[in-house]
């Protein structure tokens, strides 16, 4: 396991936050958000973070770089419900030569619902590992 | 609206059937399968039909043909539930020069759950409409 | 087929609009949004419309009313792409005693991408058809 | 992090295997299966495992027990592609008083694609933690 980050449960430890609202289509027959649906929420926050720092994901793809997901981890603490307004706190946790990890904290009205980590590798469109662009390696981690 | 097919509710009117089992991830907070999840089931049956007639979807894509979905219609009659074993009865309803329609009947233990129709256009990878291959135009409709 | 509405392609014919952004998770291997993913977008707009008129969907469920999807129709005109900002124009098309239909027009930067219709039945939690609440029957259609 | 299992990459270390075929709807614009779609595959295998040992998930729910997902981890090694026939090797990794962990290995034609772990807690329908049934605690782990 590559993931070695223990995501903080304090929103102040995250440098960026993205808000979204739970869709009915994301719930399951237990009346809560299905556990697989947290990953697209974290992805949406990751994409919003890249846009926020001036490097929209599509522009990165246009540069010939894909950011593969190598690993994903989610800890479900309290269920998300239909129509919840979720703050997905996001930070860049670690940066290596050709990979990085991001941490996530999901809250609703300030109450903790879940944490997560994703590990990404930088690859060419042909799938060959490649270095992260310099601007990315210069980003602040926390 | 291009779709003008009224799908039969008699399984005998369909030339092919594909069986699948409802996943928990396909249910929603009403305790039933979410209405958007019927389209991937119909797609799975369509793909199984093409494999059955010796033209797997990937081989069609490899020939440089995509089968875009132009329209989709679903009628929900009785809900599908978690773990239901669903028979997706499938038939080729109409074939035109560059488009075709497929009809679907979903049953569980012989009881009707839903019907549907999809209309497809034949396009090149660049998205330009193109004629259906001759083998496709020779397929029997019903 | 219950759906008899031909959705307008003029945004001015819709009384409400909801904006959303396409998630990467909604795309498929053709590089476009998967055709099944339009229904959750239309559902999100429907839920936003009910919130807008002061009757959040959850409050309707709390009144003991479910709004089943009876039928759904989508016409795909131009593909939606990752990161597109989509305006889902929404209107109440018809209201009957215990059912109603909604029409949708999806545009990106004013350009038409898709239209759709959903037909809904009003049922008790036990699944028995019931009349729409009076406030609903008094809503304007167009 | 509760998950402390390092899933084996040897199919022989798993006591159960479930086969499924990748749906087109599970792919994304990178042309591979979206990373969030592995969790429903692992869930499908878990449900199949419980059916296999004579305790279908629905019968467990009928006993008044839900098996919440507390944590999930996936390691993506080689992408899954549309139409791949996937063997989801599954084993019960650990059993505690009110929780358990399952390990997964996904292979295609014997080649490793992904591993995963899910941690589950046993709760009442009201969401209160409760002991695992005795038959469950007697199951073999490996």
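Each chain carries a letter (A, B, C and D) given by its place in the written order, and its residues are counted from 1.
Criterion: a contact is a pair of C-beta atoms (placed from the backbone, for glycine too) under 8 Å apart; a residue touches a chain by one contact, two chains touch by 3 or more.
Keep in mind the model is a prediction, meaning the values are calculated, not measured.
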Other chains in touch with both subunit B and subunit D: A, C
A-C against C-D, pair bridged by the larger set of C-beta contacts: A-C
Chain separated most widely from subunit C, comparing mean CA positions: D
Subunit B and subunit C: spacing of chain centres that average the CA atoms, whole Å: 23
Intercentroid distance (Cα basis), subunit C paired with subunit A, Å: 29
Separation of subunit C from subunit D, taking each centre as the mean of its C-alpha atoms, in whole Å: 35
Subunit B residues counted as touching two or more neighbouring chains: 24-25, 36, 39-40, 43, 82
Overall pattern in which the protein chains touch one another (line/ring/star/complete/other): complete
Of all residues in subunit C, those that touch subunit D in their complex: 24-25, 27-29, 31-32, 34, 36, 82
List of subunit A residues in touch with subunit C within their complex: 23-25, 39-40, 43-44, 47, 56-58, 82-83
Residues of subunit C that touch subunit B when the two form their complex: 1-3, 6, 30, 35-37, 39-40, 43, 66, 68-76
